[in-house]
């Protein structure tokens, strides 16, 4: 993978036009699965695939993101030369005015892209959880006569307002477009593609000239001239674009099969920033069932089918069921929660009872 | 090289033969502890907490695992340009090489290392203690008293005092007498093996001691008594927190179990004074539908499908369905999948009891029969040790079953 | 200095309203003194003063800046907890619309500031070269009954459009204001101050309520209520706000006294990113006089009174006098340059002669 | 621990006694070289260039300076989580400790280190060579040939061949004969002391050799001849770039001076294949109004007020006004401020000749008289050595002046 450089974009806001007013759960720094953040997945995947140079697009969340990623050391991406790099988003993106598959952010960094020595660029979004072996995909699909390789997956999450990849009867790439209606898309574009550096530069220059800053439009125009392939990713990959999908993704990790596919792949660990908290302490009357817990947690009450983030205290006589409890939160005595997302740093006072429906989990912050 | 006010030297070379099979491929400070730590994490984290950024780690016995774990010191923020952590093994000069003969000799052989920093004070520490202490207070005391050496002491029960070096002090804390492991202790202030030396005094006593052919070159046995005799200013600095020397299997077991007591755990893991470790990247731990965890400590990366009570489950360990553990310690990546019911057993790192293992059936009975209240059993690669026999012998469980 | 956290702002553009169209020489990533960048000075000064937590405000130059600073390791600021951190500038600042001593950038990061555990904050600009012992200043001036300590220096550079610090007859702080006229200011505010965290928070909240986002105005209002001191910095410190001052500052380092004051202070080195270039090679006919040179340079011609940056080649029969030659530039054979600033990555073709006046050095890029 | 295809082991334990005073407080690989480097930088940078991220550095002789310099390996990007640089000193086991007896013994004693990675291939390197080489090509060759060992070779002039281990090969590069320092060499293909071994073959030959009581446990003398005899597949890999073994003062001096030849310098400092070093933070160097530098190499942090010709001025060195140096080497932080005119002199690290030094007057004459064309003089702390006498004796310049 010496030939490939990685770029991680933030695609979350583009799927989020409809739910402006609540915390955007698809941001790269969104915490997930007890101890990770969304950005950990594309970073770890690229690092594990042998990509040595990775650029992360910073946006409105740059402080949180740079604090979490740091030097990239935790991902093995700290190098004296190259390694991890930060890029800037376009002003319009910063203001949440980007369009689907917008090329603005890449265009803003065209100087950086032009100077890249690698032959291919792997562009990835940052609002999904998956453990992807990019090296395998690249070696199998990309090494010969391919200008661009788009990754898609079956839309088993039934997401709407997404980019649809269309194939012809022979399975050949036909089109990619943003679906604005309330129809369910079959092949979901994974915001991830390999592209020859020269093709990307050519695309960005054309976009700049024409003012049409949508990748979809460009691809439609040139699909006879360049070789575009589509690759179906069939392993577990879950998109986070709303509190609902956020809740579902966390709960999915309670399935040991999915957990294994993501966190127990030989040589493909998911990395994250260390917390240096002591291991989980269980009190004498703790009862815990089918749950994920991590460092710093102290459990005295009952926890069932839940995902507990770092440094959470659950005190005596409290029951937590089908919940997500964010970092540093304290659940006092005699609290009963069911189907609830507790944001980080919350304190739920004693004798509180909160129950919501699993289809529409309540978010407390 | 920049001058440093205080440089710490951690004695981490001991074989720790009384830890038996736990140190078979690893020096004592590198032994896992407390779910996710290794013993040396505590003294290194104390250094970070105390603002000491220049630390020599003196190694000698099987240092591969420890060296790999310590890596570049960055987990403890000891990878700075103007200090940092340096591993100091024995080395060869134009006059040949010599191994470290005792605690004082180990420091003596690294006087060149200390000279580089021209420190005012040298802090001598041990890599086998579990505690959370701010050394800067002790160094401040040392400065204020104008002492030549300040020795950290802790009050121990009188009946245990004879196991330690004990100190008699006057009201001001000045040491008036020192006895190494006395039969009839005249004080219960035990030396913790933590010393602040004024560097120039240390230097001259070490050079002197190196010439002394009858000396064991040990701080407690030789250097400190010599200093007392020479009329140097020895002061005691009293520590009243949690402190444990994990030199034997029993004390190692006890210190782990102490973490189940929230009082001790909070003393060690104070909010602002974290204990840092070189963590592997482990996912959260999972307690399955059939799992049950009570009054225990469980580290990341482990999976629990059985029942666990009053136990410590280390990183990456697995407790299978139908397994019942009480008062047990599962060291990293131990896997127990055969349906056993065990009490007071330590499973060593990477040890495995498969589901189909024929041992399972008999093991529960065997352990119950062959261990007593005051005894800890150890299971390591199908070998069974008891804390009473370890270091001397073991029972091969496979053979036992053939016979049985 | 465990009590102090550092924040580095970018003050350059605020002095730059008049010279919009040429490269802003006061940006934090501006290269200076053969092998440094401006940001190296505040970062090294803070690190050498024992400040462990330093936040750097990122602006339009975030890619260059984060690439240069990296993890902060070169400055000894890489820590597992805290250490180096990046903050975001305000939108208006990003668009170059800030006003002098604007509080917008700090206000944007009020959440970060509120969570700071240290008692004092040291705010510094990033467009000056100096080797400042902040620890000494803090210990002597700040530890007792002082809410804010402003650093100023005599305006020996005769800079205009700057912030003036006014003292009364007793030398007590009286006022600070931005001088818009063409008058020469006596006491130049160094864009650097210590402030009690609580006072800064209070100031930012007041600014936010009132909409008056200028620090000067706020200080004028509260100077009777809080203890504001001014400290005159008397050692060498040079401001870079234009090609002229940029040129002068570089030339100043040819003075061994100044060189010693900046680069040869025991325990207070100036750090920068390593280049890993081989040492300078001098050819058989090289003649070099009163000049600074560094790694990667190859000198075959004549160099006098000049500052040569990294990886520069000066070929046979060329003469360079009173020049600044930027990184990676190549001066071919038989080139004659006098009083010229050559930007990085330039190639000056053989037989070129360029001479400009030292008062207004020509910039070639 | 992750499996690695290829692990490199760098032999860096030698005292290098033929480098005399240059290694008085430092192992040979730690000796400064080429203005800003140390000798070991070249082999470490080669590893980085070749994509080898797991490197063991075997140390034994006075490792303090070297260990400090190597630090965490990060200057060479050898501080990764899944590999990195590890310093491997001799250590103690439950059976006691033993020093490294020879090159093969040093690797043998660290078989546990290699076992952790279960490598396919092990690259054995020396820490005392100056060259720029991509080992991955050699490893590829080794794989393609299905060799048991591949030995890097370089053509040397026939008259020098008897100083090396020389190799006879067939057309395919297969080694058919090997002679260690032969009187009448039958080939001029010299072994560079760089070997790629198939790990399992290396392992079995090392274990075997460790039992051999008459062996010197040296690769060239013992292990390779044994492999040849046992019918193992030995291949030669020809290298045709710049390569120098800096084992003596003369070869050290020559290799430094070679850098003044742009041909050699470009071979070593190829655009994309930098030589990395653990730089201190040094300002640009300054050539003063009275300075004159010709055909020389000057490192950062130095100051030149005198004239310097055909010389290497290392980091932080100072050449005062009125000083004339030709064909000289000033090691780091050497300061010459007395008005001397010297030719072919090496000033050691931190050596100082003050302006008022009474030596100045006589030194110029003395050096001229007491050195010849083929001789390099060394000045170290007022002692004068000649490359012909170094290691045996020196002249105290102060005393000399008293007598004179």
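Per-chain residue numbering starts at 1, and chain names A, B, C and D are given in the order in which the chains are listed.
The definition used in the following text is that a residue touches a chain if its C-beta (ideal position, glycine included) is under 8 Å from a C-beta of that chain, and two chains touch if they have at least 3 such contacts.
Nothing here was measured: the structure is a model prediction, and the numbers come from that model.
**Q** Name the chain whose C-alpha centroid is most distant from the C-alpha centroid of chain A.
**A** That would be chain D.
**Q** Which pair wins on C-beta contacts, A-B or A-D?
**A** Taking the two pairs in turn, the one with more contacts turns out to be A-B.
**Q** Could you give the separation in Å between the centres of chain C and chain D, each centre being the mean of its C-alpha atoms?
**A** Their C-alpha centroids are separated by 41 Å.
**Q** If you average the CA atoms of chain A and of chain D, how far apart do the two points sit, in angstrom?
**A** Distance between chain centres: 48 Å.
**Q** Hey, how far is the Cα centre of chain A from the one of chain C, in Å?
**A** Those two chain centres are 38 Å apart.
**Q** Can you list the chain B residues in contact with two or more other chains?
**A** Residue numbers touching two or more other chains: 74-75, 79, 81, 274, 276.
**Q** Two or more other chains touching the same residue: where does that happen in chain C?
**A** 73, 78, 80-81, 274, 276
**Q** Of all residues in chain A, which touch chain C in the complex?
**A** 58, 60, 62-63, 66-67, 70-73, 78, 80-81, 85-88, 91, 94-95, 109, 112, 274, 276
**Q** Tell me, which parts of chain D touch chain B in their complex?
**A** So the residues of chain D touching chain B come out as 13, 15, 17, 25, 59-64, 67-68, 71-74, 79, 84, 86-94, 97, 99, 112-113, 116, 281.
**Q** What does chain A use to touch chain B in their complex?
**A** Interface residues on chain A, with respect to chain B: 33-35, 73-74, 254, 256, 259, 263-264, 269-272, 274, 276-295, 307-308.
**Q** Taking the touch rule as given, give the residues of chain D at its contact with chain C in the complex, in rising order.
**A** 34-36, 74-75, 262, 265, 268-269, 274-277, 279, 281, 283-289, 291-300
**Q** Residue numbers of chain A touching chain D in their complex, please.
**A** It is residues 76, 78-81, 267 of chain A that touch chain D.
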